[in-house]
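Right after this note come the structures.
Two complexes are shown next, each including chain A; its partner changes from chain B in the first to chain C in the second.
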Partner chain A sequence: MTELSAHPAIETPSTAPPASYWTLAIRKMLRPWLVKIFAAYIAAVLLISLTVPLLASGKPYAIDIHTGNGWVTRYPLFADLTTRDYLTFIAGAVIIGIVVAWRLTRVVEMMRRRSLRLGIAGVLIGAGILGGSALAILHHNRFDGTDYRALIKSGMAKNAIFAPIPWGYAEMEPLSKNAINELPSWHHWLGTDRSGRDVLARMLWASRVAMGIGFVSQAIALSLGIIVGAMMGYFGGIFDLLGMRLVEMVEAIPTFFLILTFIAIFGRSILMIMVILGVTGWTGYARFLRAEFLRIRQLDYIVAARATGMPLWRIMFRHMLPNGLTPVLVSASFGLAGAVTIESSLSYLGIGVRPPTPSWGGMLNAAGNPATVFHWFEALPPGLALFLIVLAFNIVGEALRDAIDPKSLS
Partner chain B sequence: MTAIENQTSNVQPSMEPILNVENLNVWFPITGGILGRPRGWVKAVNGISFSVQPGEALGIVGESGCGKTTAGRAILRLLPRGSAHISGHVYFEGQDLYALKSRELRAIRRHAQIIFQDPIGSLNPRMTVGAMITEPLLVHKIITRQKVRAHVAELLKRVGFDADAAYRYPHEFSGGQRQRIGIARALAVNPRLIVCDEPVSALDVSIQAQVLNLLADLRRELGLSYVFIAHNLAVVEHFSDRVAVMYLGKIVELGPAHSVVSHPSHPYTQALLSAVPLPIPDRTTGRTVLQGEVPNPANPPSGCPFHPRCPLATAKCRIEMPPIEIKRGDIAHTAACWNVE
Partner chain C sequence: MLSYIIRRILLMFPTLIGMTFIIFAVIRMAPGLTTAGGSFAPGMLGAHQAQLAQQHFMERRLHLVTRNGKPIPLVVQYVQWINRIIHGDLGTSIKFSEPVTKLVLQRLPVTLVINVISLIIIYLVAVPGGVLAAIYRGRFVDRAFGISSLVLYSLPVIWVGSMAIGFLANPAYLNWFPSAGLHATNTSHMSYFQYVFDYAWHITLPVICLSYGGFAYLAKQVRGSYLENMFMDFTRTAKAKGLPPSAVLLRHVTQNSMLPMITIVGMTVPGLLGGSVIVEKIFSIQGMGRLMYQATYARDLPVIQSMALVSAAITLASYLLVDIAYHAIDPRVNYD
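Moving on to the complex of A and B:
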């Protein structure tokens, strides 16, 4: 018989910092391998969308060019990047830096941790704003029409280092080569489209449009939904009555036709589509948060916070919001999928982003239509990418919902 | 009950009451229709008056649904705004809480705290114990950031934890431990009055004594006043100096704890007392079992609300509400009944 332990468990202070609710929920969400794969896919697409100017470009990172004064090293890719590209890099780096700092400072003792985190975030954001504005003032990208491949062939340039995918999204093979609608080859890994452009390069660039529209529109929608939902749920009464009527009115707007109308009047603009999707898409979040706030505001810990005389905004946004946000975030992952779908539909119809900017929907359209020949190898990659990203958002959203279900959180 | 000390010593009756409740009414609307107009009222608290002296513990007992929890929230002005029609006066240290502006109210809120029944719902699951305790201290600038750690460690020690507990989340604790964390949170802001809303009802009996002893120790050491709400008369008797018995939103009996328990005047109190289990296996006599259910508070009986279940009820009881008046001469033991002297 095994010996029964006679001593009570001695409480030893664990060295690891206690896992917060969110850490637990995300860990649990990622437990199934399928969710891991799809979360990794989303992360990869996000990373590609942020770094694509460095991944797919017809301009070499560095090249030695023969000029009147001998050989000179040039950096055409970096000179060719727009200010917006650089600002995107800076913003991405600041966000990633803050996330990493957040994780690393978990071991710091609680009272100092908060000021440390705020300090690091402040420094990073400050550096980002400074660097960004310096760049915006100093950096001018000029149109660079040089064909570096022709230069190399003619012996006027050498030692070129190209990006992994050495094609720009709008770079066409010369008409003389007649390289349109080519099947995949070593030269063009996913073939070329009807204008002789590299499909893989366009695929990667298109992730920018998809992610941009998804995240920006949902960020707008979330902010609006959280503000309106929190007000309705916390104050109730007349706020609730008017807020819900507003929600119903906005829900009655047909988003797709609104976008079509705006495009007809103001012309195409990706930013406009983002804003319209955001301004019409917040109602679901507001409803969720309202319901959560109605439930949470009666809980004892909120009564306790009021009893200690906490200010209203603190109760709403530090005590209630973290507890009511989870269902909203679950629905945000479905909202992301929806926004990506709408953008690709618009692009498929030819009223999304302005050509030659690629988008998965536009590429699907370009693969063929009843009037022309259908090229399946041009339709498959964007179709698959679109299908997988929407599926990934839905699967991760479902997993998050299961993970935060109080009946299953262990 | 040897575990719980009965203490009546630190009451100073000559002082101004710390809490004075005058004719407090809390009526919840029954709404209906599109416009949500009230069709009737649930009179959860219907004209109660009492006072609490500094250092005193006043017990409030009654069945579930009698309005004692609502009363506890209402005397701290903690019911959500607009959720109920509230009238009457609650004077906390001479200031009418219901006449204060919200800014003034927030400033004095910390002097009166509340401890809850449910040890799960009363702690924010997303905050560490330390964050929970320090937040009000920092918001009210009671203490500087440098001194917070020592203060939190001292508070946690007072309720029986290591300083280490500050870094943990509520889900890492058991029910009794959580209740002690709730007490530490209430104590953090140095209150003078604590409303204990059934603080031990949800706990195991062995843990109940532990928490009650802690509350009693704190009272002795810090000179706190308590409003102690419970449905268990035995617990209330040993914890309180005076006891108020509530039935259907009204106080039917109010007097010194030992007097109410040894000489209950109101027939409802007598029934309540006879329901307290005693360790006498073959006791068969003296048990008053009430007939019927608690009436619907939205549609209370006329006259004395207890008359449909009262063994002493007469025609007068059905018509007129008896006033609360002194029944046992010199010791301020009052009850509201026509049929007892």
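Moving on to the complex of A and C:
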């Protein structure tokens, strides 16, 4: 009896549900401090890339301007944001809201209900779509060419509150100041580039291109890979044969060559690069999911599900997919690293994102011809940022792989 | 053995034909191929030059898809294209106004040499590293090698390449290496050894840039397969009968761990070819990768489709070699 009551789980039965497989895997993945740091770094870069219009801008948040009617308070930064900026904010807020709600409905006992969870997600997505479309209709992008710094200097404006980094990504220092290729200073924390633009502001804005292209392209690749892989693995037979041949053919062309081919043909807007990286990167996911589905298909619970006459999509996507997704998600982490690398390489070669939109690769290229006039202080920050984010994705991927490896201990 | 090789080569053809379908379909999807007013990317040309190039480009392009003012049906175009490929004619480059076959033959050896040297270096570093990591598993050597190879794998080539040129090949800092090309300008005056030395000196940085990223994957596989075989029954038997540890490792474990090492040759080749686009651009080497880059920049479709085809053929050939090597090493492997 004493032995039993010494066991806390038996003495006070907890109503908390057993932690899910994924919770366990992520908890185990995050155990080493190194992985914790790099996971936090990814989260930080994501947050920066979502909020960068508020962090680095040449327009002040608020400013008092002298007009014919006396002093008027204006909010140039918010007026200057484009529809796309606002849509990004809304999308980010919806995603963060869903993640928080998911976590709450798991942890807080009163809220532990599936319907509540789905309800919150539905309301958030609905609100996001409504708000986004209202914004897209009502909001007009406008070009604000006012130089607020000059206004302040001339005494026509006062009480300006600037963003933490008071420079936009395309904002150049006036030619008269001859502030090109400057070393880091108090004024420009990471110096200026060859057009007199603030390097730090461009660095932060470039994180948006890198993360945007990385995540969207891999989302496209994942969806394609999951659809093709699931079909191959579940149906087998002719689907499997033809699908695998297609996978082999796409894989036989070196990825970078394939991407260059697509870019030469379809152009290189940001959206196109996302689609191209997605369309060329799905084969690995399809391979992994196929192998998993071939294994799971024969398990008892799938046979049972089929025997009860469950609809096909429900068997495939609610019963099989969650159990077969693990190796796919591990390779998605490496896929993200690869997509960020490829995007920056394309921009470095001058066939990626178009200037003046900043990209880490493009900034590396803009640091000058390394063999003659090389501004290494301009090449250091983007290279380092690129290296760290790729390393972070790779380390998290490795840790996740170790965490779900049945052969690893504990 | 011979029958196996023949069967394997025959099996390659459906894949190759399917690939020509894909490449042809993708190229024909190009907007503006048959209509007027397409976009020729002017690159670094002046206004007049760009206009001439545009005109030239349009004429060539129309020549590709029409005859006597009538469009050629797609099927006929495809068959004609395949027929030309079989006869060794890959078309004429729009940008260089030269036969693509000639361009490819000029540039393929350069890329192949660099890639093969890089592959050898990858194996020379990663295999001993992986074996050491397996022997000292969980200890300092293992973790240090694992982490450093992961860090190397994550280092972007564009950064390392430009930093290497900027500091090691720049007169302002250390002028140890040449920054571009494969030869000095005065090769005709050199003796044979001078020539070889000059060549080695020129390809040092490009080969380093091409190879350092490949260590991680191979070393991990080698470590894994060694670990697996080190605890097998036959290894225990070998130890029990009193063989020295080195003999156990070299003869019994290594022989059984060789298959994954060979598989990875085939998997590394496409990556190296893709990587050579960047490395050849950074170091101004006139190889396949740079040709691909120039063609992409100028939307030179005949070159692009040929390059996709040639690189795919190289990849398939490396798969083929891998399979034959597999068969030669382990006769149990059978593909019936």
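Basically, the second predicted complex is superposed on the first by the 366 of 410 C-alpha atoms of A that agree within 3 Å, B and C clash if a C-alpha of one lies under 4 Å from a C-alpha of the other, contacts with A are read in each partner's own complex, and residues count from 1 in each chain.
As a convention for this text, a contact is a pair of C-beta atoms (placed from the backbone, for glycine too) under 8 Å apart; a residue touches a chain by one contact, two chains touch by 3 or more.
These numbers come from a predicted model, not from an experiment.
When the two structures are aligned on the shared chain, A:Leu364 is found in touch with chain C, with no touch to chain B. In the superposed model, A:Ile395 lies in contact with chain C only, and not with chain B.
In the superposition on chain A, no contact is made by A:Lys177 with either chain B or chain C. Of the two partner chains placed around the shared chain by superposition, chain B is the only one that A:His319 touches, whereas chain C remains out of contact.
By the document's definition of touching, of the two partners only chain B reaches A:Arg306; chain C does not. Set against each other, chain B and chain C touch different numbers of residues in chain A, with C touching more. In the superposition on chain A, A:Gly236 contacts chain B only, with no contact to chain C. Across the complex, chain C is touched by residues 245-246, 248-258, 260-266, 337, 341, 344-345, 348-351, 361, 364-365, 367, 370-372, 374, 376, 379, 382-384, 386-387, 390-391, 394-395, 398 of chain A. The touching residues of chain A, counted against chain B in their complex, run 11, 13, 17-18, 20-21, 110-111, 236-237, 297-301, 303-311, 314, 319, 322-323.
Those residues of chain B that touch chain A in the complex are listed here as 73, 76, 78, 80, 82-83, 105-110, 112-114, 116, 118, 121-128, 130-131, 134-136, 139-140, 145, 148-149, 162, 164, 166-169, 172, 182, 185-186, 188-189. Taken in their complex, chain C has these residues touching chain A: 14-15, 18-19, 22-23, 26-27, 29-31, 150-151, 153-159, 162-163, 165-167, 169-170, 172, 179-180, 269-271, 273-275, 277-278, 281, 292-293, 295-297, 299-301, 304-305, 307-308, 311-312, 315-316, 319.
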